[in-house]
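Next, two complexes with subunit A in common: one pairs it with subunit B, the other with subunit C.
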Partner chain A sequence: MSHNSQTLPPSAAVAPAPAARAPGRKRSLQQRRARAAWLLVAPALILLFAVAGWPLLRTLFYSFTDAAMDTPEEYNFVGLANYLDFAEGDSFGVLADPLWWQAVGNTLWFTACSVSLELFFGMLLALLMNEKFRGQGVVRAAILVPWAIPTIVTAKMWGWMFHDQYGVVNDLLLRFGLIETPLAWIAEPTLSMWAVVIADVWKTVPFMALMLLAALQMIPSDLYEAARVDGANAWQRFRRITLPLIMPAMIVALIFRVMDALRVFDLIYVLTSNSEATISISGYAREQMISFQEMGVGSAASVLVFMMVAGIAACFLWINRFSHEGKEAKE
Partner chain B sequence: MAQLTLDKLNKRYGEAAQVIKGIDLQVNSGEFVVIVGPSGCGKSTLLRMIAGLEDISGGDMYIDGVRVNDDTPSERGIGMVFQSYALYPHMNVYENMAFSLQLAKLPKDEIARRVEEAARILQLEPLLQRRPKDLSGGQRQRVAIGRAIAREPKLFLFDEPLSNLDAALRVQMRMEIAALHRRLKSTIIYVTHDQVEAMTLAQRIVVLNRGNVEQVGTPLELYDHPANEFVAQFIGSPKMNLMPATLVRAGEADSVVRLWSGKDLVVPIATPASAEGTKVKLGIRPEHIEWGSVAQAPNLADVLFVEHMGNETYHYLDSGKLGEPWVVRDSRRSDIAAGETVGYRLPPEHCHLFDESGKAFARRAAGNGASRIPGVDAPPITFAEPARTNALH
Partner chain C sequence: MKLTRQQRELGKKFWIYLAALVVGVICVFPFYNAILTSLRTGQELFLTNYLPTTFHWENYVNALGENGVGRSLLNSALVATVTVGICLLVSITAAFALARVRFRGRKYILFTILCVSMFPQVAVLSGMFELVRFMGLYDSIGSLILSYTTFSLPFTVWVLTTFMRSLPVELEEAAIVDGASLWVIITKVFAPIMGPSLVTTGLLAFIGAWNEFMFALTFIISNENRTVPVAIGMLQGASQYELPWGHIMAASVVVTIPIIALVLIFQKRIVSGLTAGAVKG
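This part shows the complex of A and B:
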């Protein structure tokens, strides 16, 4: 204020000056605010375009070419041939590749299993942590450990735990008499996907639990008391009070987790060496691009991965916006 | 409508903290009882124990003669209105009121009938499809009450229901709650820290302090015959003035006290001979002190400041080294100014006398000199152990 009052007299002295300038050029306060807002947002937009928009456009571009990984500058446009092409009564391209569809199936299966298990266990943990007990703070901190461990480390760790001869998982199962001979968790195609799911659930349950816990703590305790007076038992209180009120936060957490799970790569790649039984769509794209040096096909696969993730995310957002309960509690 | 009986009700947290210390109380069918006390006195805890939201550590609770200590809130058949209203934010007004009825698996048309009846009583019909966030404070309050009404409970519990409302709305809702009670004739237990709410709403007031019942009685009984210093000062605003004195002559009809100023005053209060010579406190309400001329009045004091309310005037008199200033309320406008010296008189028929422990001696005079409250003939208060014997049991 003091600064203002000091500069006021001189500007008052030249008061006619703005009028002397072209009257139309004086921007309104609203316009100036909008300008300042764009200036402030610009760095973020430029950065986003550089690291997300540009690579995406490049990938889209290459998906229509026959470029190879080592010579990306030599390419011919091949139209949609990388996606799907028919020649001599046979079909080619990513969409005609059975391995792609295997990867799609694997990815959807992985996503459905791991996210629903995460939601289930995350909810249990969140409800538990929402209760008052001694050592609550320690538990809340400790629960974050799996989330903090890098995925590569998680994969290696679980790789050892699942080891068919020295692994702790087989050891425990044998000791408890649940199995008679050690299981080949990683090598056995029917088991390897479960190994991946278990490792992923272990790693990401803390995230889900903390998201849900934050939502649970927003619910005032007197709502539960009112529900008790109204005669609601524990399950009814959960179903009719808790669940609708945490739904918006739950959907956001699910979007995060589903998008992460659809893009899964490193855990599977390290834990099961990208075997066909567990290959994900990201793994497929990588294989085309790096192992086979097929930049065009790899790009086409990447674009399909992107479209799939974006499409499912859009569905979730749509559900969130139009679901009755989600809409209400968000407001 | 139901009768509620509390028998030596106790609440303990762990070994040390006893927050409710053996409360005996009987609430008659259709009665409006207000539990009042300063914050932290245990009144909300007591209400939550009655509701079944807090466990009872000791003693028994009966509704219509049936012991309900181990019943859940809904089994006790109570309806509760929370201070924060505690409306379900994701349900509209109709769903909020219907929730308990749906849980009780009532037929749909019965639910609709009851909710519409409650909505009609509380004028909520145009709001049934709204959600709590689209309602004003007073409307939310009415929905909270409607939710309790729809259950047709035996017992209504109100936990400081008006404390979140602004002053004007509070007065309006107070009248609505009083009208509701006349209409439903239900048993209501109402907790508040506001003695004005207690005085205006209650048929009987329970004054609670540190987990003990200080006194139970009609509003005017408490005003005219407070059982002890605490009740005397808690009920009435501005609060009763207390002046140090010595009991120089005890008597069954009149007693003589010597005021701090050395003057003797004969008051129509019975005191036991054993109390003669002990220190006592003389209590007098602000509206009962009378002005006198400086030349003739028995007492003189300097006026510290004067508050003009328009309809009445408060004068704060310097009590010297005795502590808080004494308040004199004049129902007229006053031309007395701060700094003036005034003479005043303490009319003996309006005086209260408290012994050293704060217990009141029995007054012969009734209240403001007005006739006794109809239907209350026997002196309602006995003075031995106020916490126990005053609870109507």
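This part shows the complex of A and C:
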């Protein structure tokens, strides 16, 4: 029986009934399995709807009301006023708030900077880890340290290292003569975003490196041998063999990181106390909701955050599918 | 100047070791610096020194006791364990169905789960707030277990599904031929060999729950129910300008060491779990 099943096509391997049985019986087994599958998935789906779907719908609902955080039961419908409203020649709502647009700019800038730096350093790190050398295990363990450290601890640690008077970063820069006077990393608006980006890159490069390393290790080494015989140099080998082969994994890792960076909140909240120069869209929405108790406005901002993130995700998926189709067409 | 092959090899080795050294130092230095700071008090804090000078262990005692970090460690452990337990329990059957059975709508379910695992937490914040209030869980540990399920559950389902897919088909075939029902297949055939994957998935989800900040900051107001990230985030001194850095760093080190230990012990598993979620997805 077992050697028999190996010669069957993969689709038949799922249907395990012996060939001697009637085809009707076979279908009913699959049908029964499909029905049972729904039962097995149901608990997870119901729970997921309760803790994610329902709250999401309620947030959308509240974004059309003027509810306050302490009395969410009392509300009036205000239509789209939380988003944008015009009264007496002036505009109100989240979309008319300069701080919202500042937060949008901050978040996009943070995402672009940190993810591209992570990709660059992650690639270098993955290429390094892909080489064979003694003490590899130690390096492998060391790069897991930043990943393992809780984000809040990362924020506090870097906050202390970026301290304008006693921080290690300024001390090292001064010692190496790179700066003349200590920099106010956290307080200076032009520098604070870089402080956030540096801390985030430090924490997340390991994740990127591990993803890329897993992809690198799947490339058969004879490809490189062949290229070397043909006289390809290191850059050509990277450009023509490594990059195309790890591209799918790289895109997945990129999507993961972009989605993660777009919802950044905790790092900024602790490192720079949600200052205007660094506040993210998530931080803005939460501030409206919790600090100002404006449940309606906060919900509207949350919905906008959701739509923005979903829009960017959709773009990514579309580009990904598009490039896949292009590849298939070429082949 | 033409280098011999041996010289080139040697040069390459040199650069590799140099790079490895730089990487190691950059990765570990901030934590090392935190440990140094955690052992200093008073004026020593403000003299930058890259080697240990004094050993003020009282910072640790202070952080754990007076600042309530000890208590919040227990809270965090409880919340993360219960959340992960519930999520794993529900995900095993779901992951089995999603990985092993072909049925209509499977792709849509998987896609939805992936989307939920990526969407921003703030998007459910006010709805979750209402739900937490409605269930009378505000300012209690229960609110966190409820809200952490939002991001833990899709994660565990997704990772377990990729793990289940990689198990050989023959296992199941043999069981079906013997007339085993789906339930028997799950509990008698899959559950026993799922141990390692469950540990990996559980660990990753545990770390995620341990580190969560936004829900914990929003749904808990009393000191004794705080989780670790909030307790650390809220550590304040007498004024904004004299933060108790020694205490903060001691608390940071205390809450980080269990996680680092876990990660280093289960290194291989964690790396495989991290990449299973993404590379095959």
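FYI, the second predicted complex is superposed on the first by the 296 of 331 C-alpha atoms of A that agree within 3 Å, B and C clash if a C-alpha of one lies under 4 Å from a C-alpha of the other, contacts with A are read in each partner's own complex, and residues count from 1 in each chain.
The rule is simple: contacts are C-beta pairs under 8 Å (C-beta built on N, C-alpha and C of every residue); 3 or more make two chains touch, one makes a residue touch a chain.
Since we're looking at a predicted model, the values are computed, not measured.
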item	value
Fit or clash - subunit C, subunit B, common subunit A	fit
Partner chain in contact with A:302 - subunit B first, subunit C second, else both or neither	second
Touching partner for A:148 - first (subunit B), second (subunit C), both, neither	second
Dominant toucher of subunit A (residue count), subunit B or subunit C	C
Contacts of A:240 with subunit B and subunit C, given as first, second, both or neither	first
Partner chain(s) touched by A:66 [first = subunit B, second = subunit C, both, neither]	neither
Overlay on chain A, subunit C to subunit B nearest C-alpha distance, Å	7
Subunit A residues within the subunit B interface of the complex	220, 222-223, 225-232, 236, 240-241, 244-245, 325, 328-329, 331
Contact set on subunit B toward subunit A in their complex	51-53, 72-74, 78-80, 82, 84, 86-90, 99-100, 103-104, 131, 133, 147, 151
Interfacial residue positions of subunit A with respect to subunit C in the complex	1-2, 5, 13-14, 16, 18, 30, 33-34, 36-38, 40-41, 43-45, 47-48, 51-52, 54-59, 61-62, 69, 72, 124-125, 128, 131, 133, 135-136, 138-158, 160-161, 165-166, 168, 171, 202, 206-207, 210-211, 214-215, 249, 252-253, 256, 259, 262-263, 265-266, 269-270, 281-282, 285-286, 289-290, 295, 298-299, 302-303, 305-306, 309-310, 313
In the complex, subunit C residues that touch subunit A	13, 16-17, 19-20, 23-24, 26-28, 30-31, 33-34, 37, 45-46, 48, 90-91, 93-94, 96-98, 101-104, 106, 109, 113, 115-116, 118-131, 133, 146-147, 149-150, 153-154, 157, 169-170, 172-174, 176-177, 182, 186, 207, 210-211, 213-214, 217-218, 228-230, 232-233, 245, 248-249, 252, 255-256, 259-260, 262-264, 267, 270-271, 274-275, 278-279, 281
